[in-house]
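The following pair of complexes shares a single chain, chain A, combined with chain B in the former and chain C in the latter.
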Partner chain A sequence: MFEARLLQGSLLKKVMDALKDLLNEAAWDCTDAGIQLQAMDNSHVSLVSLNLRAEGFDKYRCDRNLSMGMNLGSMSKILKCASDKDIITIKAQDNADTVTFVFESPEQDKVSDYEMKLMNLDQEHLGIPETDYACTIKLPSSEFARICRDLSQFGESMVISCTKEGVKFSATGDIGTGNIKLAQSAKVDKEEEAVVIEMQEPVSLTFACRYLNSFTKATSLSKSVQLSMSPEVPLVVEYKIEDIGHVRYYLAPKIEDEEAA
Partner chain B sequence: MPRVTRKNSIQENVVDVNSSPEKDDKSNIKVAAISAARSNNHPESQCVMIVPDGMLNGNNQRGIVVVKLRNPKTGTGTLYAFSHNNTKLYEINQFDESKRSWFLDNSVQSDGSFFLTTNVDPLFLILPYLQKAKHTSPIDQLLVDEDYAETEKLSTCSKKEDLEKIADCKQSGSFQAWKYSEEKTLNWLEKKVSRISQHLKEKNFNVTQSAVSSNYIKTDSEAVPESSFTRYAFGLISEYLCDELSAALEKHLDLPAVQKPANNQDVKEPPAKRQKIDGETKSEPLEDYSKDQKPFAKEKIQVSAKSKALASAAKGSKSIASFFGKK
Partner chain C sequence: MKRLRSKVKSFKIETVEIENPEVLRNHFHTLLEGEIGNLREKLLNWYDANKRDLQWRNLAKHVDQNIRGYSVLVSEIMLQQTQVATVKSYYSKWIEKWPDFTALSKATLEEVNTVWSGLGYYSRGRRLYEAACKVVHEMDGTMPQTAEQLQKQLPGVGPYTAAAIGSIAFNERVGLVDGNVMRVISRLCSIGADTSKKSVVDVIWKLSNEMVDPDRPGDFNQAMMELGATVCTPKSPLCQVCPISLLCRANKRAKQPEAFAACHMDIEDVPDCLLCLPIDQPWVVKDGVTNYPRKAKKTAAKIARNIVLIIERTANESDSNEYLLWQRPVNGLLANLWEFPSFPSHHQWSDDLDKSRELTSAMDQLKGLLTGRDIERCQYMADVFHQFSHISQTYGLYRVAVSACENAEDDAVSLPDHYQGFRWLNARQIAEAAISTAMKKVFRSFTQNADGSSSSSLKRKAKSKETGTVSKKQMTLQSYFKSSQTE
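Moving on, here comes the complex of A and B:
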């Protein structure tokens, strides 16, 4: 028996929005520690990793580890039936082929439940090594979303280069070039509005704008976002979800040679 | 069972076979051939065998010898019977009906099957050995099989003029050596086929694909094409031939290609009867399982413009899996 009750139902809706652009289907792995999801997009260029810890739920019970393959399109349709203030409970039997979503209104006067068929997904999990990144950049998530949106007008790919002076996002295309430089915030009023750059060595990598734009669909989950980069390894874009976990996107860098050709 | 039709040429004799329980393992089983001399000591080890008349002649105690030989079609061990002086070879077919038992004198035998022995041309069994031989060699050297020692007995069954039908002979003095000849073999087989088809035709044997009641007499004598008889006869003969030879014979006979039974899928059904429609409500079932079902194609994943664009954006990037090892 698996049961997870989330007081903040809107959070699950937001998580859904953050996933459904990149993934069509994914396996939700439930253990007594919480819910994990790891999946690659169709082109296998990016990886999404979601972690929701058990403590973050109002009520969490997982007798047996189970992996629920869900069609995220269908799941998102179901979650659209929940209003933002609803309490959402996810339920499944141990060897069930369906999962049930129960939405309770805050006043408990309306309860709706939706059952969804599960899918058989044989997904391989990738082992993500602990890495000390050469650069980590923390910036307000809305700022990052804005940068990605603005620069994607110029070109398909975006160069993120991190130096001592700060971080520079740039894109080149037919209409011209765009550069956005961010320097480390001098004084910090609110922590989440600050731009914090930690750098061991300068890094410059190229990424596909469209993917970065998809990642920014998670903006509503967190006020700030952290980008981690090292030469020739995937970029990590991490949105922390308060009190419960995080969603991380990994994106393989574009290969420079092909870029020139 | 076409072989049962030849029964009238065989006089039935109920024979007691004193076979030991390990009958299948032992390749050499002597048959106590006289029906009168039934031993009641082993009522469970008796079986009923129908043998041609004269095979167990009178008080002759020699009987027939049941041996295991290599089946020319399958290449596996199969029981055959030699007549007492190794001049004739019989194949043994078991005919079984589950709901039957035999009364044998005062005993009941629960195994209701019986064995039919029918004459078979030993050349069919010699053929594979001849084909296998690389050199021209005398017949007793050809017929050597490690698994089935009795194979050598085949040499006494076949006379020289028989062997000449399937092989070329080289003779020096009394020494005869043989070399397989496919041309001769095919001619020989062709004769066999034509004789069988002739016989089938005379007996008005049903060689068409569908079953026909024997009481049913066609008003117009629709001629069964000659080739159907030939094909049927060819089928009978190929039961004694290895696949390659059977294919070669088919080519040699120039048989018309087998008409495949009409594929049900191609046959258009007459249009379904129109049902009365009162007003808007149709009483038709939504799914008609009698009709051709489309094979369950994997649900087409709708590729939205968005994901297409995403896929194109992925160009020039390495797969993420190349960075992270598989768990």
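Moving on, here comes the complex of A and C:
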């Protein structure tokens, strides 16, 4: 028996928005520690890793480890049927081939349940090494979304460079060049509005805007976002989900094509 | 045996002779009468509800016995050592081309190798062809119909394939054991002894013969294999959806150690028993069901490095370039397949020094190879890696340009012993020739690298001029993170 109840059902809807742009389907791995999901997009350029801890739910029970393959399009349709204030419960039998979503209104006067077929997914799982990143940049998530949106008008790819002075996002294309520089912010009265940079060595990497824009679909999950970079490794974009976990995106960089040189 | 209980109610015997492993074996490692009936029913119900829809399963129901036998034979031979997903497309291509023994017997070995190309273990294709010839020419077109005769008379048919054809195509009551069934039975009957030993394999065959359903032997056998392939998997078995988990000794031991102890007299493995887990490698709690089966450690795959010479001759002005290939010997690894001339390299690369030494030895090999042509250029291009099941093979690619040949009579290649011949083929012909996956990889890498230095780099330059940016290549995550599943 698996059962997870979340008073703040809107959270799950937001999580869904953060996934469905990149993934068509994914396996939700449930253990007694919580729910985890790891999947790459079709092109294998980016990877989403979601972690929801058991303590974060209002009620959580998982008797046996369970991997539920879900079509995220279908799941998203179902979650659209829940209103933002609903309490959402996810349920599945140990050996079931379906999962049930139950939506209760806060006054308990309306209860709906939706059963969805599970799929058999044979997904590749990647081992992600623990990495000490050369730079970590924390910035307001809305600011990051804005930067990605603005710069993707200029070109397909964006260069993120991090130095002592600050972080620079730039893109070049047919119409010209755009640069956005953010300095470490001095004001500390509101933590989530601050730009905080920790740097061991300067890093400059190029990424495809398309994926960064997809990542920013998670903006509503968190007030701030953290970017971690090291030379020649994938970028990590992490949104913390208050009290319950995080969603992390990994994105492979674009590198100089040696053959062309 | 430390905590042997003297009285066990569920069994007739009151005491157990420690010295006599046979007695213990019977009750630890077999199913009881009632349990076997239960197993058949549960497994067949599960199979009926969950079986995958595969082309050969439909053909195995064909009215004509010979078509049934042929379809199962082809599918079983293709499935040896090869995953279902890979086999599917090859199977339909094959059946479309050669729907029965007669059609196959009229093919040539070259055609067979071409269709088989990419599936690996090439001797399987040859044996299948030989079997068809034998059935058509020596048995009047009718294949043997019992497992025993099949194994005796058809080339390439071992005990497993014989039992599969007998039970699936001819409804003969025989059990069978493949890697999947081996795992299912070893867990079902808590057999922890080394499953690479013949004595243990024999016991598993015996158990399989006892378990097989008398009325639907073919379905039962396929159900066991399917269970092993989809549910009772090597690394993370899905016990929660397994139809026979209640009968499974390993599952009981993992989930309810007390109950296991009660019906198996003791939770410890028995030192004298030939089938329990070895005492020096005891049950590991965190591994659960996957404690079974145990296999002796595999010897590590051999690491090998070969020099591959891609020898290019410019054909007449308009034609595309042609490359030299030779045909491997009749026997051995990749028998009869065509490949670019290749030699074992005596160098393992660690630095540039070795690279130049390998180039020297590549040149040495070349000198003896071609008569009547001069070598204009020999240049290192790339490394290509291919994993054979028992060899980790790296190929060092060398691109060789040779002069035109002035006298047609002098145009010869000195072949190593047993090699069967050589041909000059262009890229299109190479794509269609009977060559191995490894060599296809080699040629693909060659074309990519060759292109990079000519046409496509020009295109790229033109493009970057337009946009005013330096072109960059999008990497994928696999270049950074390793897959954690080895399967």
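Criterion: the second predicted complex is superposed on the first by the 257 of 261 C-alpha atoms of A that agree within 3 Å, B and C clash if a C-alpha of one lies under 4 Å from a C-alpha of the other, contacts with A are read in each partner's own complex, and residues count from 1 in each chain.
Assume contacts are C-beta pairs under 8 Å (C-beta built on N, C-alpha and C of every residue); 3 or more make two chains touch, one makes a residue touch a chain.
Being a predicted model, the structure only gives us computed values, none of them experimental.
Undergrad: For the combined arrangement obtained by superposing on chain A, do chain B and chain C clash, or do they fit?
TA: clash
Undergrad: Which partner chains sit in contact with A:166 here, chain B, chain C, both or neither? Use first/second/both/neither.
TA: A:166 sits against neither chain B nor chain C.
Undergrad: Does chain B (first) or chain C (second) touch A:42, or do both, or does neither?
TA: The answer is first: A:42 touches chain B but not chain C.
Undergrad: After lining up the shared chain so the two structures overlap, which partner does A:24 touch, if you call chain B first and chain C second: first, second, both or neither?
TA: In the superposed model, A:24 contacts chain B only, not chain C.
Undergrad: Thinking of the overlay built on chain A, is A:209 touched by chain B (first), by chain C (second), by both, or by neither?
TA: The first partner, chain B, only.
Undergrad: Could you say whether A:255 touches chain B, chain C, both of them, or neither, answering first, second, both or neither?
TA: In the superposition, A:255 contacts both chain B and chain C.
Undergrad: After superposition on the shared chain, which partner residues are touched by A:95: those of chain B (first), chain C (second), both, or neither?
TA: Only chain C; A:95 stays clear of chain B.
Undergrad: Have a look at where A:69 lands relative to chain B and chain C in the superposition and call it first, second, both or neither.
TA: Touch partners of A:69: none, neither chain B nor chain C.
Undergrad: In the superposed model, identify the part of chain C that clashes with chain B, out of 8-16, 26-34, 134-142 or 386-394.
TA: Among 8-16, 26-34, 134-142 or 386-394, only one stretch of chain C overlaps chain B, namely 134-142.
Undergrad: Going by the contact definition given at the top, which residues of chain A touch chain B in one complex and chain C in the other?
TA: Shared contact residues on chain A (touching chain B in one complex, chain C in the other): 40, 43-47, 124-129, 157, 208, 233-234, 250, 252-255, 259.
Undergrad: Which residues of chain B touch chain A in the complex?
TA: So the residues of chain B touching chain A come out as 301, 306-307, 309-311, 313-327.
Undergrad: Which residues of chain A touch chain B in their complex?
TA: The contact residues of chain A facing chain B are 21-22, 24, 40-47, 124-129, 156-157, 207-211, 214, 233-234, 250-255, 258-259.
Undergrad: Applying the document's contact rule, which stretches of chain A touch chain C when the two form their complex?
TA: Residues 40, 43-47, 64, 66, 94-95, 124-129, 155, 157, 172-174, 206, 208, 233-234, 250, 252-257, 259-260.
Undergrad: If we count contacts the way the header does, which residues on chain C are in touch with chain A in the complex?
TA: 240-241, 449, 452-453, 457, 460-461, 467-485
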